[in-house]
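Here the chain labels run A, B and C in written order, and each chain numbers its own residues starting at 1.
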Amino acid sequence: MRISATFLDEISHDIPHQNWGRREWDADFAHMKAIGIDTVVLIRCGYRDWLTYPSASLVNGAHAFEPPVDLVRMFLDLSEEHAMRFFFGLYDSGRYWVNREYRKEIEVNRRVIDEAWNAYGGSPAFSGWYLSQECSRNVDGIAELYAELGTECKSISGGLPVMISPYIDGPKALGQDDPRTSREGGVSVAMHEREWDSIFSTIRGSVDIVAFQDGHVGFHELPAFLHVNKRLADRHGLSCWTNCETFDRDMPIKFLPIKWEKLLLKLRAAANAGIRDAITFEFSHFMSPQSAYLQAGHLYNRYREYLESLTGA
Amino acid sequence: MRISATFLDEISHDIPHQNWGRREWDADFAHMKAIGIDTVVLIRCGYRDWLTYPSASLVNGAHAFEPPVDLVRMFLDLSEEHAMRFFFGLYDSGRYWVNREYRKEIEVNRRVIDEAWNAYGGSPAFSGWYLSQECSRNVDGIAELYAELGTECKSISGGLPVMISPYIDGPKALGQDDPRTSREGGVSVAMHEREWDSIFSTIRGSVDIVAFQDGHVGFHELPAFLHVNKRLADRHGLSCWTNCETFDRDMPIKFLPIKWEKLLLKLRAAANAGIRDAITFEFSHFMSPQSAYLQAGHLYNRYREYLESLTGA
Amino acid sequence: MRISATFLDEISHDIPHQNWGRREWDADFAHMKAIGIDTVVLIRCGYRDWLTYPSASLVNGAHAFEPPVDLVRMFLDLSEEHAMRFFFGLYDSGRYWVNREYRKEIEVNRRVIDEAWNAYGGSPAFSGWYLSQECSRNVDGIAELYAELGTECKSISGGLPVMISPYIDGPKALGQDDPRTSREGGVSVAMHEREWDSIFSTIRGSVDIVAFQDGHVGFHELPAFLHVNKRLADRHGLSCWTNCETFDRDMPIKFLPIKWEKLLLKLRAAANAGIRDAITFEFSHFMSPQSAYLQAGHLYNRYREYLESLTGA
């Protein structure tokens, strides 16, 4: 089991920014490539007022700030130089879909899809789309939002693949402001299966890849969820990846790099569930040799040793 | 718009200490100078039991601990070597003025002012004073505290300038223990203007420079407050600086360096309000190439590129 | 007063992992040795599901995870190479003893003691035991737990020394999820003395070293507690160390390295109480030149300067 993809955490909700320029990003793509990562997924092109590219529709229509750098262009160029695939993440208003005004979230993103494809669709590295609205439960309308946005992405781009990365509503699904690392309760495996069976039946054909986040449930409980995720995805013809998180949800500092043992355990659990592909959230803060968190560089080294052990075996 | 001053965060409330010795501080002053910072402002000479200099009055009278190093002397010497101006920050009891026993806060600081001027007033780098009691609203007695302490500082030192750095009572004005990054409500622009008009009318003549902290309101709301701050300061003959914070108040880790884009946006907003001078809180943790937070070094590089772009233009 | 011992924080509750391999640990032991540390104490051999060594009894009996590396073996080997003494920390179920099911906690640890001594007792570096159940108050049964486990450790190992490291139930004794850094109240010195007099009378003969954590009370209150700790230990024939914490409990980030001034003050307070030996929690995150927290390396340098000043004096 290898990690072949990573999110690019621009724009972030809750992870402090590293203030890298093009030189650092270039080096980071090289570090990714050296461990077999060939796909980068922009987690979102914008969040509320912050943008990764100069979007006329969002600056004018959603009073977002004009960004100082066109990160999408930079990431596409770097992807091309490093022979990586780039997936474009849609805009997360942080408002409409949280308040379940899905129609508005869809409308603002229709303009973004159009804009993005016109501006960047010509890049040979533009390889897919990511729907940035993260959910865990089958709340009314969320599946239709995925279906409609996914269809829009695919139709404008000649069928490029569309990815989502939901989370499991487990004990570690906590608000950003919550000082705890865990809560009582959480969704049961059966309820999770029922709800996602329903969601998948709605989004099949519009979404190609589903990569559940693997950090919201206990380590003993994870395998059961992974098996359900894989079975459901197979049933509905979706490709099932794991989003193997490289940050540690069990610590009071939210968030620093995960302990290697935990990462290894999650990768093996995904492999045991028959999953073949892993994306991580995310390389540059939590796994990169040049991360501001020096634990990340050591995680990188541990992961390299693991890769060597696979080859040796 | 350039940052020409920084606070020195000794003693800190809430930012972990870097444990630098004289060598590291010397290097930091050189890093500051290289980007045009010519003024350093000691945020406070003492907080509760912790001191930056061996104060007989505070060790004996306020049971503070005798510090292992005389940081004030070291900062003055380094300021002289690097041709910087040093402002001395008063003592923050953390008790009296929080409980609005302003008379006691004034008395303890009268002794500190006397002591500091006697010990350090001969240094050619001693260039001003900073009143360390931070407030946001016109609570009874706070303006008089500023006026009385400012007058005392000026009269003992032959009129050296006195600075304050209030905050705006905005949505991000939260207690140190609050796990949230934002709250509902916050002062309105009109109320802010009314209260500070009143405070300024009391402190004019006793305080020379007001540098409002720029991090407690949303980025879209900041310009209106900056304009009010400048207009009020002009009206009352105070010099209006911006305290352009270099740490990020929007993140769960309290606190790490700010995203360059946000810093740039705040600097431009201050320039648009007609403000000419910026101090930051603070260089050594959040902007220094040798900060323990490596994001700070990248922020330094982004800021240098910005300076070069100004020169080039 | 010198620090001659450190805990090894594997497995951690609340301190993010550094992901070191053998090379980094080897270097860290050398860094320790260079400042006079000759004893390393494994804080616990396992916590809940996470283990430092492949324990058949815990993997099979407590559904713990098989660890990827035998850290106990590695630490013993490194201890031997660096001429250090290694203390083995018992298993902390995180369940039984928290729920006061002491009998279960004892039973699971009887098997661990047996297992550990069989596997590692032959190492010349194996020099003692650490009872990992941390307590502060004389709750029913805790003294008996210490006595029974301590006796077991000593009897199987030919009387090797047994250490505990309790905490003082002071204002900074807060749950991991508590965003505050301090609370009202806390145990009085008199009550602390009464309760620990009782505990010591039960554990004497079974426990050899008591190293109270020094970070849960205010800096002005610490000396009184240190004197009580020393007097009580002397009365009951225990060796009294101080556990001089090298992380800062007063900061919102939980936890980063402590300010040197605070560490110095605590070391001197312990010396003044007649205490001769200090262990720290812990070197590798908070005091090591290769820590991910760069403040730690500066703390190391400040401590070295202090050692030099002792030698010079």
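By definition in this document, contacts are C-beta pairs under 8 Å (C-beta built on N, C-alpha and C of every residue); 3 or more make two chains touch, one makes a residue touch a chain.
Computed from a predicted model, the values in this text were never measured in an experiment.
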{"item": "Same or different residue numbers at the subunit B/subunit C copy interface, by half rule", "value": "different"}
{"item": "Between subunit A and its twin subunit B, rotation from the CA superposition, multiple of 5 degrees", "value": "120"}
{"item": "Cα-centroid distance, subunit B relative to subunit C, in whole angstrom", "value": "39"}
{"item": "For subunit B, residues that touch 2 or more chains besides their own", "value": "179, 253"}
{"item": "Residue ranges of subunit C touching subunit A (in the complex, touch as defined)", "value": "14-21, 24, 49-50, 63, 65, 67-68, 176-179, 253-255, 291-292, 294"}
{"item": "List of subunit A residues in touch with subunit C within their complex", "value": "179-181, 219-220, 248, 251-253, 256-261, 264-265, 293-295, 298-299, 301-302, 305"}
